[in-house]
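When the chains are written out, they are named A, B, C, D and E in that same order, and each has its own residue count from 1.
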Amino acid sequence: MTLLAIDWALLIEKLVLIAVIVFASLGIALYTTFAERKVAAILQDRPGPNRAGPFGLLQPFADGLKLIMKEEIIPNTSNKILFILGPALAMTAALMTCAVIPWSSHVELFGRKIDLQVADINIGILYIFGVVSIGVYGIMIGGWASNNKFSLMAALRGASQAISYELAMGLSLIAVLMISGSLSLKTIVEQQMAPGHFWNIVYQPLGFLLFFVCALAECNRTPFDLPEAENELNFGYHQEYSSMKLGFYLFAEYVNMIMSSAVMACLFFGGYDVPFLDESALAPNIAAIIGVAALLVKIIIFVFIFMWIRWTIPRFRYDQLMNLGWKTMVPLALVNMLVTAAVILWRAGV
Amino acid sequence: MPIQYYIYLCLALFSIGIIGVLTRRNAIIVFMCIELMLNAVNLLLVAFSKMHHGAAIAVNPASQTGVEGQLFVFFIMVVAAAEVSVGLAIIVMLFRNTHSVDINFLNRLKN
Amino acid sequence: MNWLFLLSDAGHSNSAANYLPIGIQLIFAAGFVATMIGVSQWVGPKRKTADKLETFASGIESHGDARQPMAIKYFLVAILFVLFDVEVIFFYPYAVIFKELGWAGFSAVLMFVAFFIVGFIYIIKRGALKWED
Amino acid sequence: MIPVLLILIPLLTGLLSFLIKEEKTVKGWALLTSLVTLVVAVTGCWFYPAAQLTYTTSWLPGLGADFAVGMDGMGKMLCLLTAISFPVVFVATQKNTYKNAGRFYGLMLLTQAGLTGVFLAQDALLFYFFWELALIPVYFLCSIWGGEKRIAVTFKFFVYTFLGSLLMLAGILFVYFHTADQSFAIKSFYQVKLSGAQQGLAFWLFFLAFAIKMPVFPFHTWQPDAYEQSPTAVTMILSGVMVKMGVFALVRWLLPVFPQAASDSAHVIIILSVIGMLYASLIAIRQDDLKRLIAYSSIAHIGLMCAAVFANNKTGMEGVMIQMFNHGVNVIGLWIVADVIEQQLGTRKFSELGGLAQKAPALAILLMVMALANIALPLTNAFIGEFLMFNGLFQYNVWIAAVACISIILAAVYTLNMVQKIFYGNTVPATANATDINQNVQFTLVVLALLVIVLGVYPQPIISLTTDTVHAILK
Amino acid sequence: MNAIILSALLGVVMMFSGIVIKEKSALKYIAAAGLLLLLIANLMHTYGIYQVRIDTHGLLDFQKFGLFFNSIVFAATLVYVLLSGKDIENTGLNVAEYFALIFFVLCGVSILSAYNGLLMLFLGIEILSIPLYILTGADKRNMKSNEAALKYFLMGSFSTGIMLMGIALVYGATGSFGMTPPPVNPVTGLYQGSFLEVAGLLLLFVSMAFKVSAAPFHFWTPDVYDGAPSVFTSFMATIVKAAGFIAFIRLFAGHTTILGPTWKIILSFVIIATLLIGNITAVFQQSVKRMLAYSSIAQAGFMLFALYSNNDLTQEGILLYTVAYSLATIGIFAVLIKMKDYTYDGFNGLAKKQPVLAFGATVCLLSLAGIPSTAGFFAKYYMLAATIKEGGAFWLVIVAVLFAAVSAYYYFRVIQAMYFKDGDAETHGPISNGFKYALLLLSALIVLVGIMPSVVLNWLYF
C-alpha cells in the first residue's frame, strides 16, 4: 500500500507552515498599508491615520472590512470571467512567491527537524521569476477585461514595463549565481553565512543596485508606477474594480513588495543571517527565531526604503522609464555579469 | 512514473495542438496551438532524456547520457522564441492591413 | 492513488516531492482568494443601476470599444523581450557551471554576449527603442 | 575529321547567321555554306578510307558516353541526302522572303547540324542529343514562319515528338544499365544481352519515338497539319530528311539491339504499317489541297519502308536503303512544285486550279517526272526501291504484301489525279496569268529530275554505298 | 565551418551596413562581394584550408559533397544577386535587411549540407526558414505578401512541430540524435526499428515533405510563391528548395531500411502525387508566376527520385539538378520580375521588343523542360538514371517521363507567347545593359552545363 508510505507528519508540518507564512505575510502586508500612510505622513510632517485604535493601529482592519463590504460592480461591456480572473491571478501569484523563501534555517519540535522554508527546490530563483511573470498576467487580464480605454492603456504600460525590467533583473541576478553556484535560495543564504564569506552586497554592489531598481519597477512602485498614474490614467488598470477585487490588486502590490524585499535580503544581505554572530553556536530553535527576526528586520528596512522613495522621487515619463530599462540597466547588468565571471575565474586561477 | 504516462500526456497535448491548428480560424490561436505542439515535444524530450539517463546510470553512475535531450529542449525554446517574434510581427502586420486575424480570408490568394 | 508516492521519497533534493508543498500552497492561496471573493460577493450590497454598469471615463460618455489597435511599440517591446529573454536564459546554466568551464567557456560566452550586444546595438540603431515621438 | 566537320560547319555557320541582318547576304551565306557541306559530304563518301571517317573523343567519362561520330554506309547515304537537300531547298526558295531572314537561315542550318548528328552518332546519348536538337529549331521555324494555325499545330507536333523521345530516353537508360561495360557506345548496345521481356519493354519505348517521327499509323495525326502549316522550305526538310530519321533509327538502333523483340513484334508493326499505307492513300485521294496530298502520300511511302524494315530480309532492306534516299529526292521535288504553285497563284486547292500546263510547260514536264517517281514507275528511282521492298514483304508474308500492293494502285490514282487537275483542263481565273518557273526553281528541279532518272537507271552507287550496313544489320 | 560562420557574420555586416550606408544601390555590391568571399572561403574549406577549426563533437560532418553543394548554392546566389539585385532594392525600404536575411538563409543551407544529427538538422531547417517568413512578407503594404507570409509561417512552424515530434520519438527509441542506423537483425537482415522509431521517421518524412513541398503536403506552396515578392519567390523556389532536398536525402540515406519495403511504396506514391498535382495544375494556370510555383512542385517530384534511388548517381544528380534548376529558375524569374503583366498574355511579343530577355527566358525554359544541351536535361537524366539503376521501378520512370512531356506544354506556352504571338509585352522601365549581359552569361552557363556536365561534376572526383 503506497498510502502507508506517506509521511503524514511532513504533510501536516508543511500545511501549518504554509498557513503561518501566508497569514503572516498577509498580516504584514496589511500593516504595510498602514505604514505607508504613516510614513507618508511623517515625511510630509502630518500625523497620518490615528483615529482607529491606539495610534490608528486598527486602521488597516477598518480598511479591509470596508473593501469586503463594498458592492461588486462588473461593467456591462467587460468580459466577466476574465474580469474576476485578473485580480484573482494577481493575488494568487503574490501569495505563491513566498514558497521558496527560507525564513530561517530550521527548528526542532517534537523531535522533528522542521525547515522554515515551504519548499527547498533547486531552482528557487527561477521559480520566483516564473511566479512574478504570472503576476503580469493579472494586470494585463484585468486591464483588458475592463474594456476601458484607460485601463487598457495602463495595463499595456504595466506589462511592457514589467517585461522590460525583467530582462535587466534576470541579468543582474546571474552575477549572484556565479558567486554562489546555485539557484537554490537556501544554498545562497547558507553560503553567505559560511565563515570567511561576506554578504553578497560586498561583492555585488552594482548587481544589488540594478536588482533594487528592477524590484521597484516590478512592484509598480514609484517612480515606476506608470500603470496607476492617477493624473493621466484616472486610476490605472484597476479603475473599473471595486470591493475585494480592487483590494486584491492593492494587496498584491504590497505582498509583492514584501516578497521582493525578502528576496533581496536573501540574495544580497545574507537572508536570516545576523552579522558577526555565529548561529551554529546557539541552540537551533533560538538561532531560528533570531534568524526570522533578522530577516524581518531586513524586510522592514527595505519596505521603508520603498516608501521613502515613493514620497521623495517623482514619477518617470514612459520614455525615460523604457530608456533606463533597456539602454542603461541591460548593458550595465551584462557588464557586471562579465566582470564578475572574469574576476572569479581569475581568482580561481584556472 | 512509467515513461508511457509521459508519452501519453505529450501525445495528447500534441494532438490538441494539431487539431487546433487544423480547425481553428483565429491566427493567434493557431499560433498558440503550434506552440503547444512544441512544448509537448519539449516535455517528451525531457522525459526521454530522464529515461535514458536512468537506464545509463544504472550501468555507469558517471554516465552523461541523456544530457543531449535536455540540450535539445533549450534549442527548441530558442527557436520557438524566434518563431514567436517573427510570427507576432507577421500577425501584427497583417492586422494593420486587414483589421482581422481570421485566416479564412487567406483563401483570397487562390485567385 | 499512484501520485501519492511522491510524498514518500522526499529524501532527494531534486525530486518531484520537493514541489508538492508548492502545490499545497497553490491550493491554499487559490482557496483563500476564492473565499474572499465569494465573501465579498455575499456580504456586499447589490443595487445595480445602468450608470454603475457603464465603463468609467471620468464622467464622459465612453465611445466605442476600448480594444482598438494600439501603438506598434508595445508589440515591439513584447517581441524584443521574448528574444532577449531567451538569450538571458542561456546565461543561467552557464552561471551555475562556469567555474568548471574555465576560460574556454568564458570566451564562448563572450562570443555569445557579443552577438547579444550586436543585436542590441542593431535594434537601438534601427530605432526600435526610441520611445519619444 | 569529316563527320565532325559535317556537324560543325552548319552549326557554326548557323549561329553566325543569326548575326546577319541583310536578307540577301544571309541567303547567299546559307547557300554557300550548305554547298561547302555538300562538298565535304561528297568527299567523305567516296574519297576517304573508312578509318578516317570515325571520330571519338571523351565527352562524359563518368557516364560512359563519348562524343563518337562515324560514317558507315547508311550514314554516308543519309548525310549525302541531307547535304544535297539543303542547298536544293535554299536555291528553290531563293525568291521567298522571310521576316528576320537571319534567324530563319540560322535555324535552318542548325536543323541541318542536328540531322547530320543523328545520322552520324555512334553513341546512344549523343544520338538522343541530336535527335532532340534537330527538333527544337524546326519547332521555332514552323511556329514563327508558318501558316495561320501554326502555333497549335506545331505545338502538337512538338509535344508528340518530345514525348516519344523522352520515352526513348527511358529506353536508352534501360539498355545502358544492362550493357556489360555501362557504356552508351553503339558497340556495347549491339552486344547487350536482354531477356525477352526486357527486350519487349525497351523495344516499344524506342519504337514509339521512331513511329511518331516517321510517322507510322496511328501516330501520324500531327503530320499532315504540320506539313501544311509549315513554311515550305521547312516542310521540304521535314518530309525529305527528317522523317528518314525514324527509318534510319529503326535500322540503326532498333533491329540490332533488340533482334528478338523486333521479330516478335514484326507482325503487329507490319500490319499497322500496311493499314497506314492504305488509309493514307485513301485519304490522299479525297484531298483537295496539294500540300495535304503530298503529306498523306508521304505517310503511305513511309509506311512501306517501315514494313519492309521489319520484314527483315536482304531484299527489303536494300529497298529501304535506296528508297530512303530516293523518297527524299522525290518528295522535295514535289514540295518545290507545290511551293511554286502556292507562291505564284496564291492557292493550293485543286478545285481552284487547272490548265497550268499551257502557261508553264517546263514546270509541267518536271512535275510529271516527280509524279511518276512518286508512283514508282519503272525507270524512275523509286521503282527500284519499292520493287525491292515489296519483294522483301512478299518474302515475309504473301498476303500482307498483296494487300500492301493495293497502295501502288491508289498512289497512281491520286498522283495522276493531281497532275491532271493542276495541269490539264481549262485555265481558271487563278491560272490565267500564270507564268513559267524562274531559273532557280528550274535548275533545282532539273537537278532533282536528273537524279530521279539517273538513279532509276543506275542505282548501283546507292546500293554499293549501303551494302555494308545491310549486311551488318542482317547478320 | 568557414561557410557557416562567415555567412552568419556577413548577415550581421549587412544588417549594419544598412544603418551606416545611406546609398541603397551600393548594398547589392556589398552583398555580391560578400557572396564572393563566402564562395572563396567555402572553396578553401573544400581544399582543406580552414580559417577556423572548431570541434563540433560530431554534430557537423563536412563532406566533399556537402561543401560542393555549398559552393553551388553560393554561386547561384551570387548570380541571383547580380541578376535581381536591382529588384531586391525595389521591394521595400529595408534593403540591407533583405540581403542580411539572405545570408542567414545561406547559413542555414551550410548547416543543412553538413549536419550530422537531428539537432543540427532542426537548427539548420529553422535558420533557413525563419528569415524566409520575413522575406515572404517583405512587401509590407501588399496584402498578398502579408497573407503569404502568414500562411508560410503557420505552415512552416506547423511542420516544424511535426518534425520535432518525429525527432523526439526517434530519440526516445534510440537514445541519441545521431543518424547512424541501428544494428541489423542477424536473422532477418533488416534493421531493427521499434515502433517509436518508425513513427518518428514517418513524422520526419511528413515534415520534410512539407518543407520541400511534396504532395500531398504541397498546398501551401502555390499561394506562398504567388504572394511573396517575386524576387524572393525565385530565391525560395531554388536555393532553399535544393537545400531542403539535401537535408532530406542526408536524413533518409541511412534510415530507409528501417521502414522496410513500405518505404518505397510510400515514396512512389508521394512522387507520383507530386508530379501529377504539380504538372496538371500548372497546365491550367493563367499567371506565369503561379505556373512557375506549380512547376516547382513538379520539379520537386523529380528531385524526389534522388531520395528514391539513393545510389552513387544520386549525389551527382542532385547536385546537377540544383545547378540546373536554380540557374534556370533564377533566370526566368529575373525576366518575370521585369514584366508588368504576369499572365501569359503579358509575354506576348516579347521577342520583338526585348530579344535578349526573350532569348534568356527561352534558354531557361528549355532547361526547365529538360531539353538536351541545356542543363536541365542532364539533371533529369541523372534522376531517371539513378532510379533505373536502383531497379524495380521502371514504371515510375515511365510515369515521370510522361509528366516531363506534360511539363513541356506549359513551359513552351511562355515561349509561344514571346516568339509566336503578337502583342505589346511591357516591362517595368528600360532594361539595363548590365542585366542583359548577365542574362546572356547565365544562358551561356546553362548551355555549357548542358553540354558538358562534367565541368560541374568533375569537381566531385578531384
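Please note the rule applied: a residue touches a chain if its C-beta (ideal position, glycine included) is under 8 Å from a C-beta of that chain, and two chains touch if they have at least 3 such contacts.
The shown structure was predicted, so the numbers you read here are calculated from the model rather than taken from an experiment.
Other chains, considered apart from subunit C, cluster as A | B, D, E (clusters defined by touching). Shared contact partners of subunit C and subunit E comprise B.
Fewest steps needed to get from subunit A to subunit E, stepping only to touching chains, is 2.
Farthest chain from subunit D (centres taken as the mean of C-alpha atoms): A. Comparing each chain's Cα centroid with the centroid of every protein Cα atom identifies chain E as the most central.
Between subunit D and subunit E the centroid-to-centroid distance comes to 43 Å (mean Cα coordinates, whole Å). One finds 82 Å separating the Cα centroids of subunit C and subunit D. Centres computed as Cα averages put subunit B at a distance of 19 Å from subunit C.
Chain centres here are Cα means. That of subunit A falls 14 Å from that of subunit C.
Multi-chain contact residues, meaning those touching two or more other chains, occur in subunit B at positions 82, 89.
Residues of subunit C in contact with at least two other chains: 2, 78, 85. Residue positions of subunit E in touch with at least two other chains are not found.
Of all possible chain pairs, those that touch are A-C, B-C, B-E, C-E, D-E.
Considering their complex, residues 59-63, 128-129, 132-133, 136, 140, 143-144, 150-151, 155, 158-159, 162-163, 166-167, 169-170, 173-174, 176-177, 201, 205 of subunit D touch subunit E.
Subunit E contributes residues 12, 15-16, 19 to its touches with subunit C in the complex. Partner subunit A is touched in their complex by these residues of subunit C: 1-2, 4-5, 7-8, 10, 13-14, 18-22, 24-26, 28-30, 32-34, 36-37, 39-41, 43-48, 52-58, 62, 65-67, 70, 73-74, 77-78, 81, 84-85, 88, 91-92, 95-96, 98-99, 102-103, 106, 109-110, 113, 116-117, 120, 124, 129, 131-132. Those residues of subunit E that touch subunit D in the shared complex are 316, 366, 371-373, 377, 381, 384-385, 388-389, 394, 397-398, 401-402, 404-405, 408-409, 412, 416, 419-421, 452-454, 457-458, 461.
Residues 2, 69, 72, 75, 78-80, 82-83, 85-86, 89-90, 93 of subunit C touch subunit B in their complex.
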